[in-house]
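Structures follow.
Two complexes follow with chain A in common, the first pairing it with chain B and the second with chain C.
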Partner chain A sequence: MNADSGVSARKRTGLAKSRRQKTVFLIIAIAPSLLGYILFTLYPNVMSVYYSLLNWDGLSHAEFVGFDNYVNMVKDEFVWRALYHNLLYMIVVPALIVFISLLLAHLLSNKSYKENAFYKVIFFFTNVLSTVVVALLWSFIFDGSFGLLNGFLEIFGMNMNDFYWLGDTRTAIWALVLPMVWGGVGLYVVIFINAMSAIPKSIYEAAYLEGARPMTILFRITIPLIRGVIRVCVVFVILGSLKGFEIIMILTNGGPEGSTDVIGLYMFNLAFGKEYHNYGYASAIGMLLFVILVGAKLIIDKVYPEENVEF
Partner chain B sequence: MTERRTLMDGIWRILLFLWAVSILFPVIWILYQSVRTNPEFFQDIWALPTDIKWSNYSEAWNSYDIGQSLLNTLYYVGVALVLGTFLTTLNAYALTRMEFKGRKLIWGLIMLSLFLPGINALVPQYILMKSLNLTNSLSGLIILDSFGENVFFLMLLGGFMSSLPKDLEESAHMDGATIFQTFWRVMVPLSTPGIVTVAIFKFLGLYNNFLGPFIYLGDPSKYTIGVNMYQANMKMQYTSDWVTMFAGVMIVMVPSIIFYVLFQKRIMEGATMGAMKG
Partner chain C sequence: MKNVNALLLSLVMVVVLLAGCGGNKNNEQASSTASAKSSESPSASASASSSASESNVYDNGLSKDDKVTLQMGFWEAGGGRAWMDLAVKKFTEKYPNVTFDITSTPTLNTILEPKIAAGKDDDMFDLFIPHFLAPGQLDRLAHAGKLEPQDDLWDRDLPGEPGKKLRSVISDDAYETSLSVGFTARVPVNGYTAGLFFDQKLFDEKGWNKNPATWDEFVALLDQIKADGVIPITFPGVYAGYLTDYTFNILQFDLAKANGSFDTYVKNFRDFEGPLLTTPENKEAWNRMYEFGKKGYFPSGVAALNHTQSQMQVLQHKAALVSTGDWVGNEMKETTPEGFKWGFMAIPAVNDPNQTVFVNSGVGDASFVIWKGKPDLNKKWAKEFILSLYDFEIQVSLASEAGTYPGRLDFGEDPARIAKLQPTQAAVMEYATKHNVEYISYRHTFGLTSPEHGQAEKLLSEQITAAATGKKDPASVLEKAEKLKQIAIEKDRPKQ
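And now, the complex of A and B:
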C-alpha cells in the first residue's frame, strides 16, 4: 500500500515535470518566430491603415488628415499612369512567361533530344541570379553605344545610331518586359516539366497511334491535363508583376519621364526616394495596392476555379 | 515508342538552342569583356581579349570596396541563415508534431500572411525599425529577416517532419529523453534533408535580397554586395569604366554559380514544391 502510493506520487511528479518541460519547450520553439511575425509583419500591416490617414514626411509632426490622401490619390494622374503600366505588364509578362515555359517544357519532356538535360539546368539558371545581376546584365544589353542588342542588330545590317532602348519613352516600357520574362521562365519550365511527367505515358502513346501531331498533343492533351498547375503559376506571375518593381527600379527607376513607372515603384519612391518623403501618401497608395492584389486574387479564383484532374 | 525526326524537330531544337544561348551568351560576353581594357572594349564590343587583363578584378575589388561588402554579406547571410533555419526548424516541429492549446489559432494567424502582399507594410515596417534603432545596421537586418513566419518553409519542413513515424517521440520519452533531447538528437538528424532544403532557399533569398538591404543600410561601409553593385552601376554612368564593372558583376555572380552547381537538383525540386504549395 505504502510502496504503491510512493510510486504513483513519483509518477505524478514525473508527469508534472514533463508537462512543465513541454510548456517551456513550446514557448522557446514558438515565441521567437511568432512574436517576430506579429511585430515585423502583422503590426506594420495594421499600422499601414493608420499611416494612410496622416500627412507626414517622417520628420515633422504627423497631422491627421482623414481620407485626404485617398482623395488626392484618385486625382493623381501619376497613380493612373502607373496603374496603366501595371495593367500592361500584368497581361504581357504572364502571357509570355507561361507560353514560353509551356512550349520549352513540352519540348524538354516529350522530345528525347540528347541535349535536353543540359538545357533544363541552363534554363533554370536565371532564377538563382539576384535581381540586381539580372538587371545589370540587361543594362549592358540595352546600352546604346556598347550594348549587345545594338551590336547584334548591326551585324544584321541595322545601324541603330546608338539608340538607347531604355532612354526612349516609346521603347523603355517594352524593353523592360525582356528581363522580366528572361528571369522568370526557368522556374516555370521546371514546374511544368514536373507536372507533365505525372501524366501517364499511355495517354500519349494512344494519341500517337491515332496519328495526333505534336502540337495537337500539347494543346489538346498536355495543357488540359495540367490546368491546375498552370492556374497556380498564372496567379503567381500576375500577382508578382503587380507588386514587383525591383528590375524597373534598377534599370530605369520609372523613367524616362515616368514612362515605366509602376504603382509599387511610385509608392517606394514617395517613401524612400531621394527627394521629399511622404509617408502618409505612400501608405495610402500601399493600401490601394493591397486592395488591388487581394481583389485580383479573388477574381482569378472566381473566373478560373480550382479543379483537380484525375487520370 | 520511336519518334520520327521531322523538319519541325529541327526548328524546335534551334528554338531550345536559342533560349539557352540567350542565357549563356550575356554571361560569357561579360566574362571575356571583364579581362579587356576600356579602349579595346569601346572600339569593338565583339572582339576577344588580346591579352588577358586580370587586373580589372583587383581594380574592381579595390575601387568598389568589394572585400568589405563581401564580409558584410557573409555576416548578414551567414548569421541570418543559421539563426533563421534553427528557429524555423524548432517552429515547424512544435507546430506540426506537438499538440497544444491555441495551435489552430497560431496556424490561422500564420496563414493570414498568404493574403498580405507585404508591400503596403514597407513604410510602417521602416518606421518601426527606426524606432527600435535597428536601421543602418546589418544586425538589425538579421533580426528582421530571422524572426518571423514563412508558410512555404513551415509547409516544406513540417510536411517532411509529419511524414516521420508517429511513435518516435514516445519511444525516446520511454528511454528517458527530455523533449529537448528528443528534438535535438532524434528529430533534427532525421529531418536533415528537409532542413537542408529550407537552408538552401533561405540562402538564395538572403544572398539575392536587394530591397531590404537597400532600404535599411544607408552607410556605404555596410552595403551588401548586391547594393554595392547597384550603387557602383549608378556611379558608372559618370566614370564609364565598363571593364571594371564587368569584373565586379562577375565577382557577384561567382557565389550564385558555385551554389547552383552544388545544389542544382535540390533547388529545382524545392522550387516546384514551393510553387505548388504557395
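And now, the complex of A and C:
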C-alpha cells in the first residue's frame, strides 16, 4: 500500500514537472512572437480605433469628434464609389488570376515541355519585380504615343490614334486589370504546381486508362484534390484586391476623374496625400476596410467551406 | 535548474527583441548619410562657456571656444548637394569651432516623419529642410510650436555686406509667405517659380509669339499652335494640380488686379473670408480652362500622363507648352535635346498690354527650419549658418548647381550672376523684364483639416482633367466644392 502510494506520488510529481516544462517551453516559443504581434500589429490597430474618433492631422492637437468621422464616411460619395471599384476588381481580378494560374499550372504539371523549368522561372519572375517596376512597365505599354499596345494593334490595322488607355474613363479601370493579373499570376502558378505534384500519379494513370480527357482530369480530379489550396489562394487574392492599391496609385492615382479610385488609395491619400492630411478620417475608413475584409473572409468561409481531402 | 535556464533564456529573448526594436537611434543616419562630421563632440554637446573672453568672440557675438556640432537634415533633391558642400566648407572655415553632422538624402521625408512622430528633441535635427509628403505639415509644425522663430534674421546684415539687411533683398511676397504661419519659420534662401515652359527654338522656327502680352494674343497663339498640328498645352493629368496650381488658379488674381479689387480679393483669399471657389474671378478662370478643353488645347489622354511624360511631350515637340515649375530644366537636363532653349510665359488674363501678370512662386527647397527643442547655442549657430547662405557665392552656386531661383532680389543686378542661372530660371527672369510681373503664392492664414476639405479637394482635382478635356462644365463642381469648403472653414477656423 505504501509502496503503491509512493509510486503514484512520484508519478504525480513527474507529471506536474512535465506540465511545468511544457508550459515553460510554450512561453519561450510563443512570447517573442506574441510580444511582436502585440507591439507591431495589435497595438497600432487598437490605436487606429481611437484615432478614428479624432480630427487629427498627426501633429497638432487632436480634437475628439466622437463618431463624426464615421458619419462623414457614410455620407462621403467618394467612399462608395471607391468601394464599387473595389467590388469590380474583387470579382474580376481573383477570377482571372486563379483561372489563369490553374491553367498554366496544369499545363506545366502534365505536359512534358522541354522548357518547363524555364517557364516556371518566367511566370514567377513578375513576383520578383517590385510593384513600382510592374506599374512603370505597363505605363509604357499603355502609353498613347509610344506604347506597345497601340503599336501591337496597329499591326492588325487598328489605328488607335494616340489613344491613352489609362487616360479615358471608359478604359482605365479595365486596363488596370492587366498589370494586376500579370503581376499576380506567377506566385499562384508555383503554388498550384506544387499542390498538383502532390497528387499521386496512380490516380491520373487510372483516369487515363478509363479514357478520361485532359479537361475532365483537370476539372474532375486535379481541381477537387487541390481544393483546399485553391481556397487559400482565393482568400489571399480577394483580400489582396480589396486592400491593394499600389499599381493604381502609380499608374492613374485614382484618375481619370476618379474612375479608378479604390478604398485603399482613397484612405492613403486622406492620410498622406498631396492635398489633405487627416489621420482621424483615414483611420475611420481603415476601420471600414477592416470590417469589409473580415466580412469577405466570413463570406468566403460560408460559400467555400474548408474540406480536407485525403489521398 | 532546467526551469531556471529556460526562464533565463526566455527573458534574454524578450530583451533581445526589445533591444532590436528600440536600439536603432543612430542607425538611420549611418545608412543614409554623407557626413561632414568632426569627431570632437556629439550633436547637442554645446559646451557652453559663458565666460568667454572678448577676444574669443566672433563678430556675431558667439564664442570661438564653444565647440558645436550641428545636426542637419538635408534634402538632396534633383539639384544635388554641391552648393551645400560649398556652404558648409565656407562656414566651417570661417567658424572652425562649428562642425556639421549632415544626413543628406533624397528621401528626407521618410526620416523626418518618424523622428517628429517619436517626439524626442535629442533625436531631432538642429536644422533641416522641411521636405514632407503631406502639404501643410510645415504649418502644422509651426502651429504646434515645434519650430524656432527666425524673425531676428530679417534685421541682420548680410554676410560681407555691412548695412545691407536681409529683409531689403527679399521680395514682399516671399517675406509675407515666410510670415504666413504667424512668425518666420524659415527665411527664403531660394525660391521657385512656375508657369508655362516651352522651347524657344521651336517657337522661332514656327514663328509663334513668345511674348503674348494680352489674352487675345495668348488665345491666338494657342490657335496657331493647334493649327500647326502641335498640342498647345500639356500637363501631368495624374497629378492634375500642375495645371491649376501653376497656371490657371493664378488667373483669379490677374482678373482681380485688372478690376481693381486685388487687395480685398487677396485678403479674403488668405483669410478664407467669403466665397473661395465661386468668386466671379475664380469661376472665370476655370471656365477659360474648360473652354480651352473644348477647343482641344490639351492632350486628349492627358489624365494618363505623369509629369515626366508631359515634360517629354515638350522636349519631343509633340506639345508646345507645359505647365510646371522652373525645376523642369534641371529635372530634364539629361534628356533635353541639343539646341533646345527653354522659354517661359504666364497667361495674360486681360487685354491690357500693360497689365500685371502674376507668376506663381514659393519658398524653395533650400530653406531650413530650426527645431525649437534644441540647445540655445545650437539654434544660434544654425541661424548664423542660414544667414551665411545669402552670400552671393552660395546664391550663385544654388542657381547654377542646383538650378533653383535665387532667394535674393538683387541677384539680377549683376549680369555675370544672371549668366550663371540655369536656362529655366533665366527664362523666367527674362520674361519678368519684358512684362509687369508680380510673384504670388497660395498661402492662407490657417490650414484646413476637416474631411469636407479633403472631399472638396478631391472634387476639384478630378474636375481638372474633366474640364481640360472639355467633358464637364466646372460650374456645378465649383458650387459643390464651395459648400464643402465652407463647412471645413467653419470647423477649422481658429477659435478667437
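Structural remarks
Following the convention adopted for this analysis, the second predicted complex is superposed on the first by the 268 of 311 C-alpha atoms of A that agree within 3 Å, B and C clash if a C-alpha of one lies under 4 Å from a C-alpha of the other, contacts with A are read in each partner's own complex, and residues count from 1 in each chain.
By definition in this document, a residue touches a chain if its C-beta (ideal position, glycine included) is under 8 Å from a C-beta of that chain, and two chains touch if they have at least 3 such contacts.
Keep in mind that this is a model prediction, so the values were computed, not measured.
Of the two partner chains placed around the shared chain by superposition, chain B is the only one that A:Y43 touches, whereas chain C remains out of contact.
Once chain A of one complex is fitted onto chain A of the other, the partner contacts of A:E115 are limited to chain B, with no touch recorded for chain C. The larger set of touched chain A residues comes from B, when the choice is between chain B and chain C. When the two complexes are overlaid on their common chain A, residue A:G144 makes contact with chain C while staying clear of chain B. Contacts of A:P32 after superposition on the shared chain: both chain B and chain C are touched. Of the two partner chains placed by superposition, only chain B is touched by A:L289; chain C is not. Once the two complexes are laid over each other on the shared chain, residue contacts for A:Q21 go to chain B and to chain C alike. Of the two partner chains placed by the overlay, only chain C lies in contact with A:G255; chain B stays clear of it. In the superposed pair of complexes, A:F272 makes contact with chain B and with chain C alike. The interface of chain A with chain B overlaps its interface with chain C at residues 21, 25, 28, 32, 35-36, 39, 58, 139, 145, 272. Interface residues of chain C facing chain A in the complex, by the touch rule stated above, are 2-3, 6-7, 9-10, 13-14, 17-18, 21, 116-117, 133-137, 140-141, 143-144, 237-241, 299-306, 309, 313, 318, 447, 449-455, 457-458, 461-463, 465-466, 471-472, 491. If you check the complex, the residues on chain B that touch chain A are 1, 3, 8-9, 12-13, 15-17, 19-20, 22-27, 29-30, 41-42, 45-46, 87-88, 90-91, 93-95, 98, 100, 106, 109-110, 112-113, 115-128, 143-144, 146-149, 173, 178-180, 183, 204, 207-211, 215, 226-227, 229-230, 233, 242, 245-246, 249, 252-253, 256, 259-260, 264, 267-268, 271-272, 275-276, 278. Interface residues of chain A facing chain B in the complex, by the touch rule stated above, are 18, 21-22, 25-26, 28-30, 32-45, 47-48, 51, 58, 100, 103-104, 107-108, 111-113, 115-116, 118-133, 136-137, 139-141, 145-148, 151, 182, 185, 187, 190-191, 194, 205, 208, 214, 229, 232-233, 236, 239, 243, 246, 250, 264, 267-268, 271-272, 279, 282-283, 286-287, 289-290, 293-294, 297. Residues 20-21, 24-25, 27-28, 31-32, 35-36, 39, 55-61, 69, 72-73, 76, 78, 139, 142-145, 162-168, 172, 251-253, 255-258, 269-270, 272-278, 281 of chain A touch chain C in their complex.
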